[in-house]
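One chain, subunit A, appears in both complexes that follow, with subunit B as partner in the first and subunit C in the second.
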Partner chain A sequence: MVNAERHEYPSYDALLDDYIERGWTDGLPVVPPSPEKVEQFLEAAGLNSDEVLGAVPTREVVVTAEHAAINAVMAGCRPEYMPVVVAAIRAHLHEKANCHSTTGTLSGASQIVIVNGPIRRELEINCEGACFGPGWRANATIGRALRLVIRNVCRAIPGFLDRASFSSPLRYSFCFGENEEASDWAPLHVERGHSADQSTATVHSTMTFVPCVDFTSRGPEEVCESWLGMLRRYGVFTDRFLGDGQNLVLVVGPEHQRYFLEAGWTKDDIRQHLWPRFQNPGPGDRPVMLGSPEGLLIVAAGGPGMAETWFMFPHLAWAITEPIQSIHTETGRR
Partner chain B sequence: MRDAIELEWAGVPSVAIIHQAVKGSAESMAKLSGVPGYDFILVDYPWIPTAIWSEEEIQLLAKQVAPVILSRLTA
Partner chain C sequence: MTERESVTLLGLDPTSGPLERRDDRTFSSRPESLDGAVLGLVANGLGQGETFLSAVYDELGSMAALNGAVSVLKSSVSVAPEPADWARLTSEASVAITGFGG
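Moving on, here comes the complex of A and B:
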């Protein structure tokens, strides 16, 4: 049963004007969250409307499954995306995801959803060419659903609790999958303790999202040296609340990945090579304040062509991985 | 802002010092916390970001703000 207050409109245009006037959208049109659709989404996730997904204590906010379903409908999701949206919300609301800070900050940090496991292929979540950009419904709407929850439920509204000086286009939506089939590298979720057939959503709040483009390196050590140049330039910072749990995410494109694979380097080999080099910053270098080599998260994604690796420097938060609780739905998907 | 409010709830007299850039958030937070009129001291960066303030710059702001803090705590 849907508990939200009902509003009725004579037309879609009237609904949209009112939603935008009330500040219920990111500025883009939304799908009307009719009670029937919201029920359908709750059913797809196997959740009751009042199931609590998490809270933001500093904002007096409790996020329920109904909140998630309403905003997932509005974002344009299909019902079968709902378990991914739920997992992403749970991850975002984990204490160490530090959501009050990462969504209110002057820096305009963005929340990135990384999907692993079989559900990527089932939902057609793009993890290959152009996976960071527009064109894929699952990528576009799952990331948007999380951001609408952050706005409409968690009150991170520009001028209210969102005080970003510039904010970021990444805040409209940012979701992609790891290309697990591209290599025998252990996928992100397996490295974080999940089985390969358990789908997961990892949410990482990033303040700086930049590529390391390097066409000239011809081996794993050289690529690592390029990466170190970027790391020393931007640095990774932490504080007492986060302790040793800070994460840095590197998304490695096929051209760079090839050098590691040809040389037989695993993700852990990369970490062990980089870790001692994080410890002794030179004059003018910024520190890379990760608590352990495992704080460096390596993800394979993207399409061929550009020799690049993307860096997702953290805002003050851990990257949190949550299992996706899939159920059978009427569509036959899991 | 919320830290100061929670300290007050715990019985510790507190003063929040808020930068101009987050004034709206502070007011919103006070409202959300059920104390819409909770007072705070508004400051602005007289110079560039805090991380590279000189000792003299820190002292100057402290001298400006300290009397106001004391008067709030002892009011």
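Moving on, here comes the complex of A and C:
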């Protein structure tokens, strides 16, 4: 049973105009969140409407499964995406994911969802060519659902609690999967303590999202040197609240990944190579304030062609990984 | 009304409620003058925030007869002041100034 206030409209156009007028959308059209559809989404996640997914204490906000379902419907999700949306919301509402700061900041940080495990292929979450861009329903709508929850439920509304000077187009939606099949590298979620057959969503709040393009390097050490130049130029900052848990995410494309694979380097080999170099910044370098080598999260994704690795510099938050709860009961309810 | 217009579409409210507060909390009243005021200066630790707030104090002090300051430096940009700092601010300061950034 859903509890949200119901509004009646004579047409879709009337509904859309009213939702936009009330500030309930990101500016794009939405799918009408009818009670029947919302029930269907709750069923797909096996959740009761009043189940609490998390809270933002500074905003006196509690996020429920019903909130998640309504906004997931609006974002254009299919019901089977709902468990991923729920995991992403739980991850973002972890204390150290720092919702209040990362969604209110002047810098316009964005929330990036990285999906691991079998559900990527089941839901056709793109992990390969063009995975950061448009064209993939699961990628587009899961990321959008999280952002609509942040806007509508967590009250990060531009000019109100979202104080971004410019904001970012990444805030419409950003979700992709790791290409776990591209190599025998341990996937992100396995490195973070989950089994390979457990699907997960990792949410990383990102202030700066930039590529390191390097067509000339031909070995792992050389690629690492290119990365270090980028890392030292931007730096990674933290504060006392976050302690040593801050993360930096590197998304390695296949043209760079192959140099590591050919040389037999694992993700951990990369971390061990880079870590001492983080500790010795040169004149003019910005510090890379990660608490340990494990703070560097390495993800394989993207398509062939461009020799590049994408850097997701954090905004005062840990990247949090949450398991995705699959539903295998007859009723769907857990 | 045509048949098409009579179709009723139901849509649910996607928010956590109205943005306006529904309880009886209100903003504190603004003082007519800062003469005799004790200023709470709440810095979040970013950049030169403390220096800036100190300069704000000096500037205000040139316009009114201030009666001192309660300076608070938050432990992190990501958190609210500690309870002890809240207590100092609410018990000792008559006006508080802070900044936003990060």
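What to note about this one:
Criterion: the second predicted complex is superposed on the first by the 327 of 334 C-alpha atoms of A that agree within 3 Å, B and C clash if a C-alpha of one lies under 4 Å from a C-alpha of the other, contacts with A are read in each partner's own complex, and residues count from 1 in each chain.
Operating definition for what follows: a contact is a pair of C-beta atoms (placed from the backbone, for glycine too) under 8 Å apart; a residue touches a chain by one contact, two chains touch by 3 or more.
Treat the numbers as computed from the prediction; the structure is a model and nothing was measured.
Per the definitions stated earlier, placing subunit B and subunit C onto a shared subunit A by superposition produces a clash between them. In the superposed model, A:Pro10 lies in contact with subunit C only, and not with subunit B. Within the superposed three-chain model, A:Asn152 lies in touch with subunit C and out of touch with subunit B [touch as defined at top]. Residue contacts after overlaying the shared chain place A:Leu106 against subunit B and subunit C alike. In the overlay built on the shared chain, the residue A:Thr58 is in contact with subunit B and with subunit C. In the superposition on chain A, contact of A:Gln257 is made with neither subunit B nor subunit C. The larger set of touched subunit A residues comes from C, when the choice is between subunit B and subunit C.
Using the contact criterion defined above for the overlaid structures, shared-chain residue A:Val2 touches subunit C, although it does not reach subunit B.
Of the two partner chains placed around the shared chain by superposition, neither subunit B nor subunit C is touched by A:Asn179. In the superposed model, A:Arg163 makes contact with both subunit B and subunit C.
Counting contacts as defined above, subunit A residues 58, 106, 155, 160, 163 meet subunit B in one complex and subunit C in the other. Within the complex formed with subunit C, the subunit A residues making contact are 2, 4-12, 14-15, 18-19, 24, 32-35, 38, 58, 61-63, 67, 70-71, 74, 98, 100-101, 105-107, 148, 152-155, 157, 160, 163, 239-242, 316. For subunit A in complex with subunit B, the touching residues are 58-60, 104, 106, 155, 159-161, 163, 165. Of all the residues in subunit B, the ones that touch subunit A in their complex are 2, 21-22, 24-25, 28-29, 32-33. Note for the complex: subunit C touches subunit A at residues 4-16, 19, 45, 75-80, 100-102.
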